[in-house]
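Shared chain: chain A. Partners: chain B in the first complex, chain C in the second.
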Partner chain A sequence: MAKPKIATAALSGCFGCHMSLLDIDERILQLFELVDFDKSPIDDIKEFTGPVDVGIIEGGCCNEENVENLRKFRQYCKVLVSIGDCATTGGVPSLRNMVPLEECLREAYFDGPSVYNPSGEMPSDEALPLLLDKVYPCHEIVKIDYHLPGCPPPADTLWEALVALLSDKPVELPYSLIKYD
Partner chain B sequence: MNETLQDTVTRICSSFSGDRSRLMDVVQAVHDECGHVPRPAMEMIAQELGISRVEVESLISFYSFYTDQPQGQVVIRLCNDIVDRMSGMDRVAQAFSAELGIGFGQTTPDGTISLMYTPCIGMSDQGPAALINDVVVTNLSSDSAREIVQELKLHLDPTRLIKHLGDGNNAHELIQAMVNNNIRLKGDMLFSVINRGEALNKALNISPMEVIRAVKTARLRGRGGAGFPAGMKWEYTRAAKGDKKYVMCNADEGEPGTFKDRVLLTELPDRVFAGMTIAGYAIGAEEGILYLRQEYAYLKEFLENVLQKRRGDGLLGQNVMGKEGFNFNIRIQMGAGAYVCGEETALISSCEGLRGDPKNRPPFPAQKGYLGYPTIVNNVETLCCVTKILELGPASFNEQGTERSAGTKLLSISGDCKLPGIYEVPLGIELSEVLKMAGAEDAIAVQVGGASGQMVAPEDFNRHICFDDLSTGGSIMVFGAQRNILEIVHTFMDFFVEESCGYCTPCRVGNQLLRQRLELIMEGKGEPADLENLEELCQTVKTCSRCGLGQTSPNPILSTLKHFRPVYEAMVQEEKDGFQPAFDLRESLAVSERIIGRQSVHVHS
Partner chain C sequence: MNQPVTFFIDGQVIQGQPGQTILEAAQDARVYIPRLCYREGLSNFGACRVCTVLVNDKPVAACTTPITEGMMIENDTERVQNYRKDLIDMLFVEGNHFCMFCEKSGNCELQALAYRFRIPAPKYLFQFPQREIDASHPDIFIDRNRCILCGRCVRASKELDGKNVFQFVGRGTEKRIAVNADQLSDTDAVVTDQAMDACPVGAILKKHIGYTIPVGKRVYDHQPIGADIEDSAVASDT
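What follows is the complex of A and B.
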């Protein structure tokens, strides 16, 4: 029987959640025995090669590319998991939701005290994805099957959840793994 | 007037002896004289009462009848609650707006008239209704709204708008209101002939413990909504340690669709005050406070006069009715437009001159209430029942009703029925019977218990009105076939979002989320899982909120999800691609596209 496949993506996050995933230490070897990685920054596969069992999303959606990416994950993954506060709530990037987008951009490119922009242009290259009106948590864009909170969720939490998902067991994390104060 | 603002504030504060706990009255008085509370006055009030400015500002910002911004000499507050909406509020609103040339929340350019919305003003049986300053105008139409504005422009005197007086005491020289009582069914408990002074006299001839025993034997439960046994509450309060004790009568009547206390205060004020006095005797209190909602300010002078007469007749004051050592007096505390102040601990906060924030319980008011002293809070109707129990004996009271819900109950029936108004019925009565009396046989839904109550479907019209089945503080709102259930529920959610005191997150944020999700479903952007989700969120808000407001605000959604499920199901559809229908990429990129000056490659490719 072929090994189950997983895919991961970092949208509008800091990669801290992926770091936490790596923080499972030597269990990473076990993980590679358990699963094959498809599209993921971990193996640097850029496009899905086919359907995937579990998709893991770090970060929320701040621009059009994030949305496209997330929707693709929804199409390819049987189970989709939001990990970390950015993915589940918008997190730190969503602090900008309190300021209108136009003001954010003006501050970033024109008015900020350290801005040097003699041409006075707003960057508009097509390679730069357009920003959404605000930062959205993932479940507001597509359906998400599981949410793992934390900034980042601890390695053990990620590990336990993954093992349960991959072995078709119910994800029942002990309180100590989802308690953050 | 040559008095400076400082003089005014000083005069007002000293008329309340610089007592910090009378901040509501101080602010009200400044408001009355200046039309608003000018910001410099806040500092002055704070100085005079020895508190910080922010306490004053915080209080002013809390209550909807207070403002720190200049407003019109005349303020029109149109009720925008559900029953009035159904009776044509929209047209009235448009007429007011067009004739005044301003929108809601605005003041005419000459600064004379302001226009705004307000939740239920307790006139649901004669809506659309509005408050024009203290004056109540009822049965409005677009024509009468236009006439009102035209007249106000001439004289700016709301009292001159009253062309015909209502029935009963509404025509009393100290009330002079166009309000009608609409008493449709007089039971023999509350609306029977009373012998002024008799109940009190009988109470004073037995010991306080015997009074409490009588109330317990009668099995009287609170009429304000929660149904707590009155005698038990009194017993606890009597037993609690305290140098002083207080009796409070809850006349905040803010639950949408409830207007029975209005009628009791209009027609039976002596019984309300007698009930308070008896309660005072029973628990060992010397002071009572009637907390009257600002919407009923038109009754204040009348009620003050009744109190005055009672003092003159020895029914209040030193040695009440010659009973050596029993002194009791009553003052009226005006509210200022906050539903949550009907919650007993918030009511106490308000009487203490604080924001109307509920307090943590325990300690319960029976142990530590007003100013820290043991306090009972009872509904107007509960106290009326007490007089009857003392006058005719407990058996006369509990021979009606059921074992656990003794006595009669006043219902305020409104909405799609032929005979809206007040009905005194024995508890335990079938809802269908009530509907028949009110001429509402073809109802498709009935909200029992106000916005915080539950929506009942026709298959449940054989359920019983009592504390253990369909419990209500009196509000029964009837909806006919032409009504949209989700819109009704949405109106209730608007109400809770507006009225949440904001202290605790589950209620402050939760109600917003509930409304948002309801809106998504109403817009056809929901899917079946959203219904479960909505239900779960309702449970979270109910379980985690601090006071009764948040603990009951999800009820309209929950009860309609249960009894009117098909209405919701018709609005949602399964999404096959797993994308959220509520998210529109194109829309969310519109701002960016405009600022950056190019189109999205994703959306347009």
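What follows is the complex of A and C.
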């Protein structure tokens, strides 16, 4: 029987949740025996090779590329899990949600104390993804099946949840593994 | 001597003293009813509704409703717990609660309730409201992003400190905590006021002492909120 497939993505986050996934230590060997990784920064596969059993999303959506990527994950993954506070709440990037987008850009490219921008231009290139008006948690864009909060979620939380999902059991975490910090 | 009042919580017989609220009488019988705006030593307020119970199928705030003889109360059932979960959810999305860097994290009653109810993420849409901060005072910091309008600072300042530093202003979504001057540093608030310890979240913080307790040793790191009231076996780790 073919091994179940996992895909992961880091959207608007800091990659800390992926670091936490690596923090399962020697269990990573066990994980590679249990599953095959599809599209993921862990194996650097850039495009989906086919349907995937479990998709893991780190980070929220701050631009159109994030949204496109997230929607693609929803299409390809049977179960989609958002991990970390950015994916579940918007997290630190969503601090900009209390400031109008135009003001954020003005601060970043013109008015900020450390800005050096002699051309006086706002970066605008079709290669740059357009920013959204706000940063959104993943479940406000697509349906998410499970949330694992934490900044980052502890390695044990990720491990416990993955093992449960891969063995078709419900993800029921004990008190000590649900933390928002 | 007062005759005890006999009532029922989830079918269990409990005796309380006349004049006690449902919440107090339950607590004396080691039954925990979740709460946020209630604080021992302050007047009862009924603001947060997290202590909602059903009396004769009608939702009431346990912290403001007195017990009566033969009262039938529904507390720990799926329906009631779902009301409370929804209320906690709403408190999270109505404010700007950044647990990942908040000084109160691990000691925050709102966060602790979310942990107790095993809420992995709020189901409602985040509002991201614009709220004001007040860092004018040399020793005290007000961050209204985290305020849940429980009124504990209002009551503590008035009832315990005899000062009236805090008060509500505005209505509905505009409602907020104000101070009785242009800014906090112009009031007679001092860091030793009991009002400064009354905040269940990180909206009123003492300066210069952030993050003093390491992760793993904070109040709610291992033990759920309310576990001290219940028999310990009930709420411990699954």
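The working rule: the second predicted complex is superposed on the first by the 178 of 181 C-alpha atoms of A that agree within 3 Å, B and C clash if a C-alpha of one lies under 4 Å from a C-alpha of the other, contacts with A are read in each partner's own complex, and residues count from 1 in each chain.
FYI, a residue touches a chain if its C-beta (ideal position, glycine included) is under 8 Å from a C-beta of that chain, and two chains touch if they have at least 3 such contacts.
Computed from a prediction, not measured in an experiment: that's the story for all the values here.
After superposition on chain A, the partners chain B and chain C are seen to clash. Touch criterion met: A:Asp133 reaches chain B, while chain C stays clear of it. By the document's definition of touching, of the two partners only chain B reaches A:Ile141; chain C does not. Within the superposed three-chain model, A:Ser124 lies in touch with chain B and out of touch with chain C [touch as defined at top]. Applying the stated contact rule after C-alpha superposition, one finds that A:Arg27 touches neither chain B nor chain C. Once the two complexes are laid over each other on the shared chain, residue contacts for A:Lys72 go to neither chain B nor chain C.
Superposing on chain A, the segment of chain C with clashing C-alpha atoms against chain B, chosen from 4-12, 76-84 or 130-138, turns out to be 76-84.
In the superposition on chain A, the residues of chain A touched by chain B in one structure and by chain C in the other are 134, 136, 139-140.
Chain contact summary for the complex, chain A toward chain C: residues 82, 85, 88-92, 94-95, 97-98, 134, 136-137, 139-140, 144, 146-149, 151, 172-176, 178-181. Remark: chain C residues 92, 96-102, 105-106, 111, 114-116, 118-123, 125-126, 128-131, 145, 215, 221-222, 224, 236-238 touch chain A in the complex.
Residue ranges of chain B in contact with chain A, taken from their complex: 529, 575, 577-580, 582-583, 585, 587-593, 595-598, 600-603.
On chain A, the positions that touch chain B within their shared complex are 64-65, 67-68, 71, 74-75, 80, 101-102, 105, 122-124, 126, 129-134, 136, 139-143.
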